[in-house]
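Several structures are given next for inspection.
Both complexes shown next keep chain A, but they swap its partner, so chain B is in the first and chain C is in the second.
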Partner chain A sequence: MPRRGVGWAAVLPPAVVPALVPALLVAAGGVLTAWAGGATERAGLNAVIYVTIVVALSMFSGTTGVISVAHVGFVELGAYLTALLTMPVAFKRQVMPDMPAVLRTVALPFPLAALVAMAVTGVVAAVAGAFLMRLGGLQSAVATFSLLLLVDSVVGNWHSVTAGPSPLVGIPIHATTTIAVAVALVTILAASVLRQSPLGLRLRAGRDDEVAATGSGIHVVADRRRAFVLSAAFAALGGALLSSTLGTISPDGFGLRMTVVVLTMLVVGGLQSLAGAVVGTVVVSVLTETLLRVENGTTLLGAHVKGPVGLSDVGLGLAFLVIVLWRPSGLTGGHEIALPFGKHTQQRKNP
Partner chain B sequence: MKTRPTRATSLLVGVIAVCAALTAACGGDDSPSGGSPGKGGGSTVIGADIARTGYISAFDLPGYQTLASAAQDPSAEGPELEVKIADNKSDATTAANVATSLTDGGADLLMISCSYPIAAASTAISQARNIVAFTPCTSDQRFGPKGLGSLVYGFGLSIQSEAAAMAEFTADQGWKRVYLLEDTALDYPGRVCSGFKHRFAELGGTVAGQETFKNDDQSITSQASKIRAHKGDFDAVVLCSYPPGGGKAVLQLRQAGISTPIVSHYGMDGAFWAGGIPHLSDFYALSPASAYGDDPVPAVNDLAAAYAKETGQAPATGAFVYGADSASILRAALAKAGGAKGDALNAALEGLGTVDVLSGKVTIDPTYHAIFDRQVRVIRATDGKFGFFKLLSPKDPAALVPYTN
Partner chain C sequence: MSAFVQSLIDACSLGALYGLEALAVGLLFGVVRVANFALGTVVTTSAYALYAGRDAGLAGAVGLALVVAVVLCLAMERLVFRPLRTAPVATLFIASFAVAFTLEKTLLLAFGPDQRSFVFDRMPSGVVSVGGYYVTRLSLLTIVLVGVLLAALVGLLRGTSFGIRMRAASDDFAMARLVGVRANAVTAGAFAITGVMSVVVALVLSAQVGGVTPSLGTNVIVFALLGAVVGGLDRLGGAATGGFVVGATLSLLSSWLPDRLAGFDVSFLVAVVIALLLLRPGGLVRAGTMKERV
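And then the complex of A and B:
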């Protein structure tokens, strides 16, 4: 449990304190990129949405120590459900006449659609989790990967509903930087509360020593299933934002490629801390965007620089290799981050 | 409790400082190449939001290459063009960011990827900014007002033209019964096959059977066996696919002893996938131009030679003409519109009529923003050597739109 500090953080509920620095980082990033505008704001918006997704994954993998490869499948479900529920009825009738009437005749406001997407994805996770949460280690990774493939395959082949492998276009655009930051802050707060709750304590006990936790009367499988459902619902919320950012989604955008990006963000930042999820996302996003700009040619500190084709891919690979070798536990080393001034709450590893 | 700043705190300060520095350092100029006139300058700037890396780059780059060359051609008549390229990495999210960056940097027009999902992300930006976007390398009704937007165009070979040409060529060759082999990994080959079936039936042809596979399948042995079991019931195999899976399918069909002609479409254009099939014969594909120096239009062969000289390698497919053709279309429309402003240029493109381009004559369909009258080259492989075989002008490809959705 966090220890109450004697500074101004002492007036805050303990469950909120670990969320302070990650929340400030996200809010500052949102303001900074929105101020820059244009492509920088767009890159910032993507990064903030990825914060929601990575923090959602850390709600499960960070607290249980079980790596889930299925979460991008939940992001995909959230994205498609929100898209299908918010697209105008007339547009759906025109371009997707074979869609089941229950979807074709409905157009919900974005917040309601996102909530429905979270609920449906939560149900899917609850059903899948009943089987998957019994597994651990490599078996769990393989099983969650299978779930990802299953979702990806259904989305990519259900032509009448999802347009199959073709992109779904005409999705109303609602996600602004402000909305994405607000959603990320709510997700960070929820993750912080989860970590400090009795459920969070039991999950961490199960993560650190499953045999001892079970011997202490903790039902590890049931608790992991609860965390799995919760994190899946928030991952779906990230997907809802993604679909509402571009106005188009396709199965190509999810699957293994996004899974690698999300896991990299989590590992680079530090798997076991909330701050790690946010720092990892910010570092990977900034590095990616910077290298991409240098590759395409940009003005850097007053000089025009242009890198060779493929610089960003090679540069990112090398940077992540260095980070993982230098700090195997991630940049935060699994620690939460305290505010850098005044007397404050000090949090150590495994809050 | 005594407190102290942690290493993680220092890290946080470092991360924020680096991020702020990078944002400030790179934020001053979002233009990917900079230093050239944008809106209001002397030339029309085309922002090429295409893939230089990733799976779609092989299709995107040839068109870009000849478009950039055509833009630099001092003898070209009409408005001046300038092309700025930024790599979208064959990724939709990156494509949207690149579109934002290019248009912020002064691009008047947007050249978009051949891939529909990636182009969809780019056009979400261009459409909102009233900027005309075009893809040189395909021509699909879904790119235009019926799909991606009212300001989006496709200047390449249309799916309907491919389907119609494939059916008419097959029927003309006297191959009245065919067996279909369809790749279902993407919907593009299936849509061509669907249009083919409709037109082939109109021409009196029959389909003896149909098998499907996925592009990344390592083996199609079972499909090949089923096709072989119908030997004698068909005159040709019609393959709707693309490399590398399409190449593996051709190889395994021949290995299974199926020696009938194989007819395919633009997806299988080029010889690069056939290296492992040294004596491939009786294979036919479609292309907007012959990349082998034997096109019936001499200017196309000159362009292929210039392309090889400039890039150090011969064009892999006939897609190299797309950039040059696009430059001609755009110059004609820009001259008519008097500028690149979205609505005016859109009206000019819709009312452009028939335009002389390097590979022949083309007309932009104002309803679908696609080209249905582009002439099609049939490319034939004989003993492993690919070359021009026949020039086709398919009849009324637009009529196949309802069958290729």
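And then the complex of A and C:
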């Protein structure tokens, strides 16, 4: 009879096991960069927020295999909603007098504002998802891309509410590195539980063979819509963190550029696994931050180097292409990473 | 009334330009199943080549741009899209996204964000009056160029051996290979043709703007792509029509939206695009080929 693993991982519910290594990675990264302080801490904070966003995207794209180009739109919605909801009433009355009364007369504490932003974005995704999930292949990619353009153009032009294309300033800063790490950990845990849940199993069945899954009685479209809503809500949470740590947001920061960043992170790590989302985010963040420092001039191995402006963006695009061409399943190969010690609960020893 | 007719004329000229780019998107998708977002950066790169060759006169500059654009398209095919031939359509789309991003940032790195201005004396400028309405000579040229290219492309696809091979590859790639069509040559040919079309778009666009910036082609490719998908990627006519409709609608929206909603032209257009994708996912002009059944 196969013997069950006796490592300490065996005492944990199986649903949280895939979250262990990614969570440790994020926690360690957060602590180390905070300890280094200064620019490194800011870069670390940024990476931790991206972990939330990319893991949120992987809740949908990783489990369904359908690539969504719309998620940065959800991040943008979350960021703007949180910003508008947390700004003090007096400030809004003075700076943006034309804002609708619903937004102008309320100021919520950050956690509540983030929850409202998640809920609203979830509703938007539920409505959009009811239609979008019926499409497949290129139509789906182009339709989600259109949704991103829609959010982007509304935010960029609704002057009385979002300040239009110019930056929205004076957003109260509530989120600290600790809060960002905590949110990232919660998101990783949620993604892990989703994957192991009955819904997650059905989604992955639909990803691996849609026809067979449908034949087994799985309603692929309805399940994908549920995942879409959940993942959009967490993407909005990532946006909430962004606006509440930066204090200033503008439509330029989202849109196509952030979409390329987020998709590169997901693809570099490996689309299909939770570990892939986190590893990809960490690797790409380190790469772009290094190139960004070379761009600005830095001392590397005793020599002063200064690269041309735009180097980090070119590096980002190349990283994507290199991975897609030579290792299409990503650095993790689409697998989860087990702890190096103890025994994995799912591995059984031969008698 | 006259304002309305005038806005229709403007719409036709923008529609023609987007239609041409959508035609390039449709051609490539038909043959290699790549919805190539990077065509926008090919347009931008061609415009920079026109800028670099501006002292050699219009013919010299266009010659240089043709070489640059075709070489760029062939390199893209060989380095990125040929190795990815068996990848899913959505992955190819995202990969073309990354190609576009990398190229655009490389242009930014090389030329900086500021506009490089140039004008060719021999490009038409000014307006002509037709029955009381004003049409810029550039729009007339655009419409003529698009018509000529469309006719040439149809002639190529229907009348030449290369065109027939290309259509065979577009219908059933594996089967075409089995009956001796040299798939790589056909694919490379399709990419090269889109390079040539991009030069035409670059010529018109840079004349409109009076120069070139690293993001010159981005708007065009976004709307041409939406148009091509809405119109139907399986037929060249569908893609071109879709591109025309999207470009013309955008132009009409920006002239006719009330002041309160000015700036939301893109929002309305995209909402219409999403609605059309849902109502007719196969495109406005549907191909006769049968969908694979399982």
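The definition used in the following text is that the second predicted complex is superposed on the first by the 311 of 351 C-alpha atoms of A that agree within 3 Å, B and C clash if a C-alpha of one lies under 4 Å from a C-alpha of the other, contacts with A are read in each partner's own complex, and residues count from 1 in each chain.
To be clear about the criterion, a contact is a pair of C-beta atoms (placed from the backbone, for glycine too) under 8 Å apart; a residue touches a chain by one contact, two chains touch by 3 or more.
What you see is a predicted model; the values in this text were computed from it and never measured.
Visitor: So, does A:89 touch the first partner chain B, the second partner chain C, both, or neither?
Guide: Neither partner.
Visitor: Looking only at chain A, is it chain B or chain C that touches more of its residues?
Guide: Partner with more touched residues of chain A: B.
Visitor: Considering only touches as defined above, state whether A:112 meets chain B (first), chain C (second), both or neither.
Guide: neither
Visitor: Just checking: does A:66 make contact with chain B only, chain C only, both, or neither of them? Give me first, second, both or neither.
Guide: Touch status of A:66: second partner only.
Visitor: Is A:310 touching anything from chain B or chain C once the two structures are fitted on A? First, second, both or neither.
Guide: A:310 sits against chain B and chain C alike.
Visitor: Give one of first, second, both or neither to describe whether A:167 is in contact with chain B, with chain C, with both, or with none.
Guide: Once the two structures are laid over each other on A, A:167 reaches chain B alone.
Visitor: Applying the touch criterion given at the start, work out whether A:325 contacts chain B, chain C, both or neither, answering first, second, both or neither.
Guide: After superposing on A, A:325 lies in contact with chain C but is clear of chain B.
Visitor: Touching A:134 in the superposition: chain B (first), chain C (second), both, neither?
Guide: Touch status of A:134: second partner only.
Visitor: Name the residues of chain A shared by its contacts with chain B and its contacts with chain C.
Guide: In the superposed arrangement, which is not itself an observed complex, chain A uses residues 164, 257, 309-310, 313 for both chain B and chain C.
Visitor: How about chain B: which of its residues touch chain A in the complex?
Guide: For this pair, the touching residues of chain B are 1, 3-13, 15-16, 18-20, 22-23, 25-35, 52-53, 85-87, 89, 91-94, 96-98, 100-101, 104, 116-117, 120-121, 124, 142, 147-148, 185-187.
Visitor: In the complex formed with chain B, which residues of chain A make contact?
Guide: Touch residues, chain A against chain B: 3, 5-6, 21, 25, 28-29, 32-33, 36, 38-40, 42-43, 46, 95, 159, 164-167, 169, 173, 245-248, 250, 252-253, 257, 275, 279, 282-283, 286, 289-290, 292-293, 295-301, 304, 306, 309-310, 312-313, 331-333, 335-340, 343-346.
Visitor: Can you tell me which positions in chain C touch chain A when the two form their complex?
Guide: Touching chain A from chain C are residues 35, 80, 83-84, 87-91, 93-95, 97-99, 101-103, 105-106, 108-109, 218, 222, 225-226, 229, 233, 263-264, 266-267, 270-271, 273-274, 277-278, 281, 294.
Visitor: Would you pull the chain A residues touching chain C in the complex into a rising list?
Guide: 66-67, 69, 131, 134-135, 137-143, 146-147, 149-150, 153-154, 156-157, 164, 211, 256-257, 259-260, 263-264, 267, 308-311, 313-314, 316-318, 320-321, 324-325, 328
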